[in-house]
Amino acid sequence: MSKVVTFGEVLMRIAPKGNKKLNQSNELEYYFGGTEANVAISLAQLGNQTQHVGVVSNDFVGEAAKKYLQQFGVNTSSISHSDHPLGLYFLEVGAVMRSSTISYNRSNSAFSHIDPNKIDWDTIFEDCSWFHWTGITPALSYNAYQALKKALTIANSKGITISTDPAYRSNLWNYGRDAKEILNELVELSTIFIGGPNEINELLDTSFSNHIDQFIESASRLMNTYKNIKKVFDKTRVSFNANWHKIKARMYNGNEFAETNEIEITPVIDRIGTGDAYAAGLIHGLMRFNDYKALEFANAACAVKHTIEGDANLATEKEILSIARGKLSGRIIR
Amino acid sequence: MSKVVTFGEVLMRIAPKGNKKLNQSNELEYYFGGTEANVAISLAQLGNQTQHVGVVSNDFVGEAAKKYLQQFGVNTSSISHSDHPLGLYFLEVGAVMRSSTISYNRSNSAFSHIDPNKIDWDTIFEDCSWFHWTGITPALSYNAYQALKKALTIANSKGITISTDPAYRSNLWNYGRDAKEILNELVELSTIFIGGPNEINELLDTSFSNHIDQFIESASRLMNTYKNIKKVFDKTRVSFNANWHKIKARMYNGNEFAETNEIEITPVIDRIGTGDAYAAGLIHGLMRFNDYKALEFANAACAVKHTIEGDANLATEKEILSIARGKLSGRIIR
Amino acid sequence: MSKVVTFGEVLMRIAPKGNKKLNQSNELEYYFGGTEANVAISLAQLGNQTQHVGVVSNDFVGEAAKKYLQQFGVNTSSISHSDHPLGLYFLEVGAVMRSSTISYNRSNSAFSHIDPNKIDWDTIFEDCSWFHWTGITPALSYNAYQALKKALTIANSKGITISTDPAYRSNLWNYGRDAKEILNELVELSTIFIGGPNEINELLDTSFSNHIDQFIESASRLMNTYKNIKKVFDKTRVSFNANWHKIKARMYNGNEFAETNEIEITPVIDRIGTGDAYAAGLIHGLMRFNDYKALEFANAACAVKHTIEGDANLATEKEILSIARGKLSGRIIR
Amino acid sequence: MSKVVTFGEVLMRIAPKGNKKLNQSNELEYYFGGTEANVAISLAQLGNQTQHVGVVSNDFVGEAAKKYLQQFGVNTSSISHSDHPLGLYFLEVGAVMRSSTISYNRSNSAFSHIDPNKIDWDTIFEDCSWFHWTGITPALSYNAYQALKKALTIANSKGITISTDPAYRSNLWNYGRDAKEILNELVELSTIFIGGPNEINELLDTSFSNHIDQFIESASRLMNTYKNIKKVFDKTRVSFNANWHKIKARMYNGNEFAETNEIEITPVIDRIGTGDAYAAGLIHGLMRFNDYKALEFANAACAVKHTIEGDANLATEKEILSIARGKLSGRIIR
Amino acid sequence: MSKVVTFGEVLMRIAPKGNKKLNQSNELEYYFGGTEANVAISLAQLGNQTQHVGVVSNDFVGEAAKKYLQQFGVNTSSISHSDHPLGLYFLEVGAVMRSSTISYNRSNSAFSHIDPNKIDWDTIFEDCSWFHWTGITPALSYNAYQALKKALTIANSKGITISTDPAYRSNLWNYGRDAKEILNELVELSTIFIGGPNEINELLDTSFSNHIDQFIESASRLMNTYKNIKKVFDKTRVSFNANWHKIKARMYNGNEFAETNEIEITPVIDRIGTGDAYAAGLIHGLMRFNDYKALEFANAACAVKHTIEGDANLATEKEILSIARGKLSGRIIR
Amino acid sequence: MSKVVTFGEVLMRIAPKGNKKLNQSNELEYYFGGTEANVAISLAQLGNQTQHVGVVSNDFVGEAAKKYLQQFGVNTSSISHSDHPLGLYFLEVGAVMRSSTISYNRSNSAFSHIDPNKIDWDTIFEDCSWFHWTGITPALSYNAYQALKKALTIANSKGITISTDPAYRSNLWNYGRDAKEILNELVELSTIFIGGPNEINELLDTSFSNHIDQFIESASRLMNTYKNIKKVFDKTRVSFNANWHKIKARMYNGNEFAETNEIEITPVIDRIGTGDAYAAGLIHGLMRFNDYKALEFANAACAVKHTIEGDANLATEKEILSIARGKLSGRIIR
């Protein structure tokens, strides 16, 4: 089986337990994550060969981050070390109408100082059939953008499938370049678009609504604009409050529009990384199933991530398939 | 007051905290349980004199298990020690559509190696008015089956009330005997049947549905088949997801059918041992109240167990009576 | 900015973790609280200058209690030390239909032995524009009642706004005086009444219902009886179970009746101190906004407290304003 | 086997973890203890039939205290409930030259309000061969003193062996009676004295030193003064710092002086309850062995308690015998 | 670099925290270990390519065990799954003169049911230069013995270096075969002997003392008896108590005797796995250094393991080299 | 009483519990510290009025840092907020010969970006009699150096006593300036030198040994070079291993040399911040006692810090005085 390669910053999440605020306890929990690493971990957990490319700090924190990925079987041989610290974020977990709050410490991170010339993409892409990136990476630093661009160019030339979740986060992008220009340049090199009207509007300066018709129209527009993009996979969410959501997924592949059933999630155990779970589920599904079954698998993967602590989806293929088939009662398995 | 005797395996539950998967933390929590011990603990907590009969390991684990029962006042003088380890299970707690998963380590346990000839049932049954067993015990080993059969024969001869929850678990019963044949033999020696169409179908090879009429008909059929069985107490459950249930109980005693109100449970704190809480509530009720009030008490006991961590119901009689009377708002008591 | 002064017992809350019963774990968590101190902490967190007056034990427990208040910026210079222990309570947290249970250890506390002659109210009330008290304080001991009466008399003479939550707790009031007589005497010295038909009925021996018309009528009656009372702020709650509430607030200021929208709270993270959060929100609001906006702010403050562990509301003004404006979806803030 | 009865206050210990100060963590650990209850628990753990007499609070705290004793097999049927709170103490654990600090909250406790007329000593002393008391009990309240005096009178009349550790704690004894007068009265009714020159000096207003000769002389003087006292068992300790001690025990029974080897203890895990462990070891030993072997057993019991968390010694007879025989290397037992 | 292969049971350690006894807390900590897996982990941590061969349970426990090894980079591709449970042990950690106690639950484990015919040793030994085994494995079951024998025969035929720590544990070896006969057979197939007079006496029925001369003589005798054995590496320990040890190592390779300096260890943080740390250090050293430097490295590795929680040594080569060079002051590294 | 002002970076310490390595647990503990903030906290705890000047992040982490200082009564009104993250460090705690390891994440911190022109030193130094700085601050950034220089110039002009611990850390000082040149410039503005031959050698390029004569000579040389320096206070340490130290302090004030007794510390609970405890003890002492008594107080403060978890010394004046007077046995205080 050929491998999936992901590229991005490994982040450490540090949070007080439960719903405590930081000054309410001297105890913290941590997980390692980062959107692309989450995809790699989930794909490994689902049985795929995966490799994550990035940079971690040259200390016991970076070492622990690598071990974290290795335990799931993610190949870390192309994760290098740097004298800069590992990026991290602090989290206070909210509830009901109280929002969770995240505070990042990543602008000077090991990853943001990545040297684009020190990554041997040719070797990394041997036996690789899929490359996944997100809009976080080019937002972090010029170096990160350059490294990603190089990866995409080489991957493209090798005919590798390239999926992207081009999430635009306005409070990143602090190195003086135009986010849209860069994202356009990189999406153009990609083949699978994970997003919907919101993400498309950001790229194309359009104003599509979330209505189904508009979704299809926006996806068509996107595929017309970027000829490499072959399929568009979106997900939608209704949030009653921080602990009570409903999610659904939809797709358009040029010919066919499809939509999954809605899954109600109450209570939400961990909201973070649910989009990454969707992306990983989608990649796993598209490598094995038809588009619609892949979409259902991705939606079920996204749903079950809401019940799993930490940043990455640790559900197995069997668990997700069962949920995708509509088994939602959560009965004990003995 | 005469005592209630229970017989079965004391199990240790070991689980990561919260909704974590085992590899997400080096911390675990444990409880001691086991279906019949849970009944004994709950009955003791409700103010009854109880004695549990079984075998634990001859080490600090078995010692701790005995102490666990003793704290609630359960008489452990007929729990013997063996060189085999205490049975245990690992639990990963699910949420919403993600199932909890249980993995047992009990096939070589101290209890499964029980010596049927070393239990002095005659002494144990002095001052005993009630004996409770479940279908787990004869499923564990031939020895356990033999010990139980002996207990039932002697209890029967002494006119002791005998309740059974004849749960059939297909992944047990590995010692080469026919489950149904044995369960039939043992149910025949019992007087109170805790179960409904599902359990009756397993015993009688029938196919009753869960419909009320079918419940009554199945209970009648059961009582016709086993002349000792005088009353049938069932419980039903609707599971929206792992954290959101509705429960209800019903009975047929040959003359009278009755059904409790439904109780909605959200969020479920701990799903395990809720059936044992029902059985304990029922035994407690039938020793004190009329059948219908006992049923309501059992249903309330079952409901409140969903809010209590660990395997056994630790609610008091006062708490359960209040719930049985319809006080469900959970206001703080100062 | 002039300061708010609160007066009352600082209590220590001690509870097993999660929904455990005390004998299920050797681990406990603690918070410091007490209804008036909770108000002081919340007001400090909202940016107000606050001072709490009281007595703590002359040991490391009392020292830690003072540090707890100091961290939020509450001025503790008028908290004295006594050889009696700090008042405390044990809490077992219930769920669904199981009630939380509180057991107090405060009847011999440092605060109950307060010496009314040792508090220099004249100095304390310099630069003070608001004084807040509750019905707990005069219930604790004759000394506490005397100290409070003196405070109210002096505050009144200085034209300080005086708010009261005159909660009558029948299981306090053990020192042989008539609760109603005393509460009447003290409410008479106050200007803002935090309560509704229930509290008014207790004071006036009336029997108003919770209906809107009755609320207005009861508030009018109260204001007629106590000429100092200018405004009445009530809150109402529907409890489906211990984890699922709906709350709403209403007011009558002699001219105008108003009511907020209802806020649904599921799951409740911590029920304790929600009334104190309301009082603090109200005081904060009335010092800055018009009556209705203050009411909305108070209701939002009360709502968000249900999501915060511990006795005091730690939400910021920004968070509460956002909720008061109807943002209830709890989306992550990055 | 006839039983040992102990009488005294069950106390709850509440402490931050490790060497933390209270304000350094919101987490606490608790144990139940109290000097006489510690003796009862240790004796039960050593295989003796024991009964503890006392009063606990009428709430879940008192209930948990009883369960704590019951787990070890201590008979709690003569522990009554009261509306007053359970006595408790807070502990900050020191290290090296930093002292541990204890702050009590017991002056208004359930036990101090004991009703001397409500204890049925005649029934309690059936089948009892040994009664143990300490100087803490009469120091707590006049009621406690009266209850103890009654117990001693009845025990004496029944020829029960009565051991006492007449520890004089100057910061107790706040109810207006003369400590020495009362202790003299009570020691006179006892047969085994656990103490040495320090305790004897307090009782007899003498000034014996800790020198061996003085120990023998002081013990002789004591036995001359109180004709019931037949044996005196002392223990001595050298404390290099809070974590590094050496202990030794000695005895004089009128004829014979003996002294054990010294045991070095580094690091001390828990210093509290080591005297109670000594007393329990002694009682256990004297009921089975000769005086010297009992002394060695008591010293070993005291030593091993320094390695056990919580207030009571949980070591088994086998463990203590092995240490008494000089096995101090602490090799792993598999 | 060619790889090191280890073969044996992966065990789960479950223990209450600190020095608590099991019934003193509901909290546990776990680690995965097992003597051969510990060697593999330590070697991986030191930078070697390693592969562990064994069987784990077919559940989330076995899955977590594999992930545990994978995080350190140990190749787990030849660890198979079985329906039997993972072997485990409970540990209560002693202190000073109180022994730690271990209770095993492994006699029915996944590993003990290993199928000797299902291991493809030929493939496993490709690129392998070193194979390590211990006397635990053949003690567990006949199947385990057969599997090991096959491994040794094939390894031998390929000229692979074979190290053994032939620890004889009398309470294992319950399947009816003669321990010494089997151990002799297996040691004969090995080239590096990790042990000294104690182990040699067990094998050869001799009675050498621990004296240096006797060590050399015993090693000579061993090498004469088993012609494959080329070198003997021993370690000695003085235990003042459970927390205070001194260790030293010595060797004889036919020509040369050497001994390291003694290292004092106080306090011991974790005693378990220190022998495995020695073995791993030795293998690492012998693959890189001369015999004496390897011995010093092994002794330092053993020493530092006493400061590391869990079963495996996680120290790095740099840390161990620094200790081997005599840097014992433990100064903070910033 | 006039106040002490400190200036420097508030750092967050994040560490796994006990002696665990980061990847051995998902749980962490944190403290706030930083060398100058530690001095401020300790001085506040000792009863002094203190103010800390610095910059924290503009998020809940920075907010919690300020609350941490406020709880002890440190005035934080001159701590500003910045969009850069709070500096932090990860710690793995070693034992015996295994070193603790610290990894910093501070090079891009809020403090390092401090704006020297935004600090109103004139206001801050009102009512200030003592200013304390360390060599860490000018090492962090050019901005920090400039801010400090300004502070020293103004403090000097106001005749404020200025103490310095001019610790030179070679792995800081990354902004391109010469450490020695800058430290010389700043020490010149100071009056109390906390250091000895090591620190003096770094400043003066001398090579004094730690011998007493050399200490006196080096101190004289220092005082000759920097005419403002009036007194030199040194401390010395012998480290047997990470858990076992001996410390001693000495001074020279131009006329008088003095040295304290040695204090043995075993086991060390927390090594970090012991130098800061010394500095705080010294400042406290010099404001109240003669030089020698201040030295003894500082040495005792340093000693007791080794027993306190976290970065700052939380001992009280009473505790430290008792240790300074030689009470080292650590007996329980009730």
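By written order: A, B, C, D, E and F. Residues from 1 in each chain.
Basically, contacts are C-beta pairs under 8 Å (C-beta built on N, C-alpha and C of every residue); 3 or more make two chains touch, one makes a residue touch a chain.
Per UniProt, the chains are A, B, C, D, E, F = Sugar kinase.
A quick note: this is a predicted structure, and the numbers were derived from the prediction, not measured.
S.K.: Among all the other chains, which ones are in touch with both subunit B and subunit F?
M.R.: Both-contact set = A, C, D, E.
S.K.: To bring subunit D onto subunit F by a C-alpha fit, how many degrees must it turn, rounded to the nearest 5?
M.R.: 120
S.K.: Report, in whole Å, the distance between the mean C-alpha point of subunit B and the mean C-alpha point of subunit D.
M.R.: Result: the chain centres lie 41 Å from each other.
S.K.: Give, as an integer number of Å, the spacing between the C-alpha centres of subunit B and subunit A.
M.R.: 45
S.K.: Measuring centre to centre with CA averages, how many angstrom lie between subunit C and subunit E?
M.R.: Taking the average C-alpha coordinate of subunit C and of subunit E, the gap between them is 62 Å.
S.K.: For subunit C, give me the residues that contact two or more of the other chains.
M.R.: If we look for residues of subunit C contacting two or more partner chains, we find 21, 23-24, 26-27, 31, 67-68, 71, 101, 104, 267.
S.K.: Residue numbers of subunit C touching subunit D in their complex, please.
M.R.: Within the complex, subunit C contacts subunit D at residues 14, 21-23, 26-31, 57, 59-61, 63-64, 67-68, 84-86, 88, 90, 92, 101, 103-105, 107-108.
S.K.: Can you list the subunit D residues touching subunit B in their complex?
M.R.: Spelled out, the residues of subunit D in touch with subunit B are 67-68, 70-73.
S.K.: Would you mind writing out the residues of subunit C in touch with subunit E in their complex?
M.R.: 24-27
S.K.: Help me check something: in the complex, which residues belonging to subunit C touch subunit A?
M.R.: It comes out as residues 31, 71, 263-267, 269, 303-304, 306-310, 314-315, 319, 323, 327-334.
S.K.: Along subunit D, where are the residues that touch subunit F in the complex?
M.R.: Interface residues on subunit D, with respect to subunit F: 18-21, 23-24, 94-102, 104, 169, 171, 239-244, 267, 271-272.
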